[in-house]
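Comments concern the structure below.
Chain IDs A, B, C, D and E follow the sequence of writing; residue 1 opens each chain.
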């Protein structure tokens, strides 16, 4: 035991802030600045690992930082879902930082210091979200995350970027303040507490129409979960530099959304309570619709990042679906999908960025034959795709399996059908990209020499692609790690 | 409503008529100086109301008589009117004249800058200035001032 | 102190604090004129406001948990004499006013130099201190007529201060004149209301008034007095639809004056409203009258939406903030209209939080005006990049204005929404959050201008001077600090709300 | 103006002196009869204003220079407040004139009242004269059609 | 009885003066009538036993205010423009306010009633105690300067504020010597 858990959690939130300060201080010393940030990323990951080593998958009691309202504290604790989220986010930060340095330098982007500083604040708030022990704390960090990522989306400062960032902010702030905040305060008024509690805090406090309405306020209010029709921000945010898309819009931001969704379902309402009242049934159908509809839209996108964005919208709804199924298997599957999808999707995004750095291609139709000159990148892309599709022996197969079990539990066979159809759609919009890369001839005049871009750009996706394999073999372990969230 | 009530309240209604005349001048008049005159009438009418609160029928001014040696003599048969409203209104009158003098000073400045003391004209000039602002700053921003 | 000879119990310094609170800034004004040096004027004003700030903090700690301090002016026991009465409600407002004044003065140093002719500086600071004295005097007093007197001290000096903007834009004069007319009508209405109360009770002391109204019941005179007091103070508080003077006054006043006014003067009026609504008239009276629900609620909602909507379309940063102030006053009235503990706490805490939020925003604009000479958006393009330290506090203030979690503005909105749910008015709760979205729009417009547009060619702007940056950053940090560590404002506000809801002012013996 | 109206000028000089005397009477007799500091101050100011109207602004400003007027304005307020502060320094409440003569509070009250009324009178005189100077110091700018 | 008759004659004159002011456009006439209004008010105050107030109103309303207004008129304009806008809204405002006021009067004690709350609660104490405590024959002065002396301090501050306000608007602090007039300091 190096530190106690409390210190480790606080460090996990403070070290990224140190990175931010470092970026401000060493604004004009690129190597020192980026090196320092890397060190901070490693230390953050270390701090999270300390928590893991100390606590395993137990649920600790909360420790409070400060009382904001009577009975509402800014407080933190450890529980498996949050810990898993923290490990993923901080671990992938290291990789993304390396990638980000390569990308930003390779692309001659401006304002590096501001970029990495905002990035660090975002990570800090993700740590806050992951370890928060009540809905208030979670909401607090949720909003900080929104605000701190806004400059990242608007980073380029072009009219397009400004417009995209405006959409991004309008939807995320709009939904969270108008709907989620209302829901949170309403919950507090009803239950008198906001602490995440096994089995839910609303049980017995509400009945009738209030339950689905409140759930609706949460479901749509958590705009980061990109449930249709509040998904537009995600494709809009693709104007951001790719490292942002990679970490934030495949891992941190969107996962913060679905993570919140799961937390609300499991600890605010309680899975059993949802099942009992049937309040989440409509949400299940909406999620199913989102899965299919977003996949279909993804097929029509030629811009690679946009296609990946719609794919994300679709995949996020898996997790919402897992919660809405209101069964243990569903919740477990949703939880696991956070990890699996993160690993897969970040690979895909980093590959997209690598292609952009090396050849400045953004549209899928321009990518023919590129697999021949950058086989590692396209290989990684293939592995990521297969993981998203859910083929063994890749990590992505586990959650789909669990979700189907969950759907079977509830007897909704149509949902099983939806999940299968979705996998087919995944095949249809992801694999052609790889196929085009490897099997179509190169455009005339394109360089034929093998060039993958700088090592900092192609190595990270290769690593995460390996991660997809690794996760498959630890799937069982992850599942048992997450068991406490369903009260086992 | 009997006769006593009317006789005992008609004063108040007179004050109210005066107050409302003053207020009407303030609200309706276009001339800035006249507005101030209206404000004065309005306030003075309120002062009358206050003073009338203190009046006791058959009473006299609340000043004790004193004899040549300067000692105070109190005659219990004399009824004195209530001095408290007088004090309040002395203060209020002073506040009123302070406001008047400030208002007038402002009017003089307004006249120097705008060359008019009619609110109609002032509104027109201000509208012109605002639309000029809009033209200069608004078009670029796609908004209005 | 020389009290040893007399049998009278000599007052200690601590016992004298309530009067010193007002007296220190009060005496500064004539001293400034007497000395007649503008550097000394600033220094005196600053020192006095610091002392006053310390005193108000000490007073707040004394009444933080409940109870009150009474100070008899001239040694005459009320209701014969005038009484100062400090409880959690006004101690919090006094802390806000003195803190803002203390921070505004350093800010004013450069701003006033830039915006006002040097020969007027001495009198400007004297006027500033008078305005400050008036505000403090209104808030601390326990005597209804004394409220009027100090209200006029602050009002008269405010009119003059607003008119000082004439050096930049002559419309400051008409703004001041309009404000003078409206303000005087408001004050006269207030006097009429007090007169009616006096007529029916024979007293002017608020506690005594409350006592007599509670014991002898109300009548039509008292009810009419109530209406006049509300309208009179509503004018001062810029309560919709009596707000017409506010946008012009805030837009054209010198920057330092706008900071002081926006952060304190309307709050003072709201405080007086609260005091009369709840302490003089008791809550049962108001409840029976149903005035809250029928009058305050709709007006508050209209203000929140219409003023925010107008703010969205402004091209002048200062004017945008002025409209936003009207909307925010709507929130405070809404909290009163909720008529429950959380709602009143929300109002009290929003007074405090909005005070510091608006102060930092107007200071930010003032700093930009100092550097660019304009507060129009198209002259502020991209300034966030050239003067980041100056613009960052504006962003923080903007976030607090929206009510983003972790900022002060969030705390008050939370309380208001919670109050709505406690009453079961979920529809109102939704309206509150929806109106915050309008705030997102108008704040974000400013932020985009400041950060995302390209700075004008050849812009070589320096950061604002330290004397501005320091108060701005203190306020910006306060916006965040009080969004997280809510002990001080929220604790005091909830004590205050309890005091207010328990009815008759100070009758808790 | 300076060479005409001889009678007016002589009368004014006499009148101004009388007015000042009357003002002083009102000032110091206010506790026995109607009137007090404020009224006295106004009357005192009228003496100067009258002088100014007849002999011109320059002349009256030689008698009562503006800088002095401004100091007096501030001084009066300080006299008033100072009286109260003195009571505080004796360990009493602000403005408790009983402090000035603890053995015989009503004497203390009497003295206190005289002191504060003096303060009022001084300030009011100063302010009224200052306002007159300010107004009179402006050149009239009336457009022709208004006359 | 004579008092009542005098009162009513005064009222009649006051109201006709006020109405005349509404209609006048010549500012000189308006100001003169306002001055007359103040004098009449002062007379009314005398009949209401408020001699101090009457004295002050005469000095202020008929004296200082009139002089200031005439001065302002000399510096601005002689005539007010005849009204152009409709009178409906001002009239409505006045009617509503007036109605509220009249509603308020319905429960007021009769004029001159010695048992009105205002006569029985605090005021008698002033009358009884001031001889002992203050030893000043004019009770108004006793209250003004001692019992409510703090209000009067405030009043002085208001006058002071008006004074420096006018100075700020129309001129500035004067210097002792003329030589350094260009400098900002005094």
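The rule is simple: a contact is a pair of C-beta atoms (placed from the backbone, for glycine too) under 8 Å apart; a residue touches a chain by one contact, two chains touch by 3 or more.
Each chain and its UniProt protein: A, C, D, E = Cation:proton antiporter; B = Na+/H+ antiporter subunit C.
Just so it is clear, the structure is predicted and the values come from calculations on it, not from any experiment.
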item	value
Touching both chain A and chain C (chains)	none
Touching both chain A and chain B (chains)	C
Chain pair with more C-beta contacts, D-E versus B-E	B-E
Chain of greatest Cα-centre distance to chain D	A
Chain occupying the middle, per Cα centroid	C
Chain B and chain D: spacing of chain centres that average the CA atoms, whole Å	24
Length of the line joining the C-alpha centres of chain A and chain E, rounded to whole Å	72
Euclidean distance of C-alpha centroids - chain C vs chain E, Å	29
Sites on chain E at which at least two other chains make contact	51-52, 56, 60, 64, 68, 71-72, 75-77, 101, 105-106, 108-109, 116, 118-119, 122-123, 126, 135, 137-138, 140, 144, 146, 148-152, 154-155, 157-162, 164-167, 169-170, 173, 186
Residues of chain C whose C-beta touches two or more other chains	26, 29-30, 33, 36, 73-74, 76, 145, 149, 152, 156, 159-160, 163, 192, 198-199, 204
Those chain pairs that satisfy the touch definition	A-C, B-C, B-D, B-E, C-D, C-E, D-E
Of all residues in chain B, those that touch chain E in their complex	4-5, 7-14, 16-25, 27-31, 33-34, 36-38, 40-41, 44, 47-48, 51-66, 72, 74, 79-91, 93-102, 104-109, 111, 116-118, 120
Complex contact set, residues of chain B against chain C	19, 23, 26, 32, 35, 39, 42-43, 46, 49-50, 53, 84-85, 88, 91-92, 95, 98-99, 102-103, 106-107, 109-110, 113-114, 122, 126, 129, 133-134, 136-138, 140-141, 143-145
Touching residues on chain C, where the partner in the complex is chain A	399, 402-406, 411, 414-415, 417-418, 421-422, 426, 429-430, 433-434, 436-437, 440, 444, 448, 451-452, 484-487, 490, 494
Residue ranges of chain C touching chain E (in the complex, touch as defined)	26, 29-30, 33, 36-39, 73-74, 76, 79-82, 117-124, 126-127, 130, 133-134, 137, 145-146, 149-150, 152-153, 156-157, 159-160, 163-164, 192, 196, 198-204, 212, 219-225, 227-228
Contact set on chain E toward chain B in their complex	7, 11, 14-15, 18-19, 21-22, 27, 30-31, 34, 37-38, 41, 44-45, 48-53, 56-57, 60-61, 64-65, 68-69, 71-73, 75-77, 80-81, 83-85, 87, 89-91, 93-94, 97-98, 101-102, 105-106, 108-114, 116, 118-119, 122-123, 126-127, 131, 135, 137-140, 143-144, 148, 151-152, 154-155, 158-159, 161-162, 165-166, 169-170
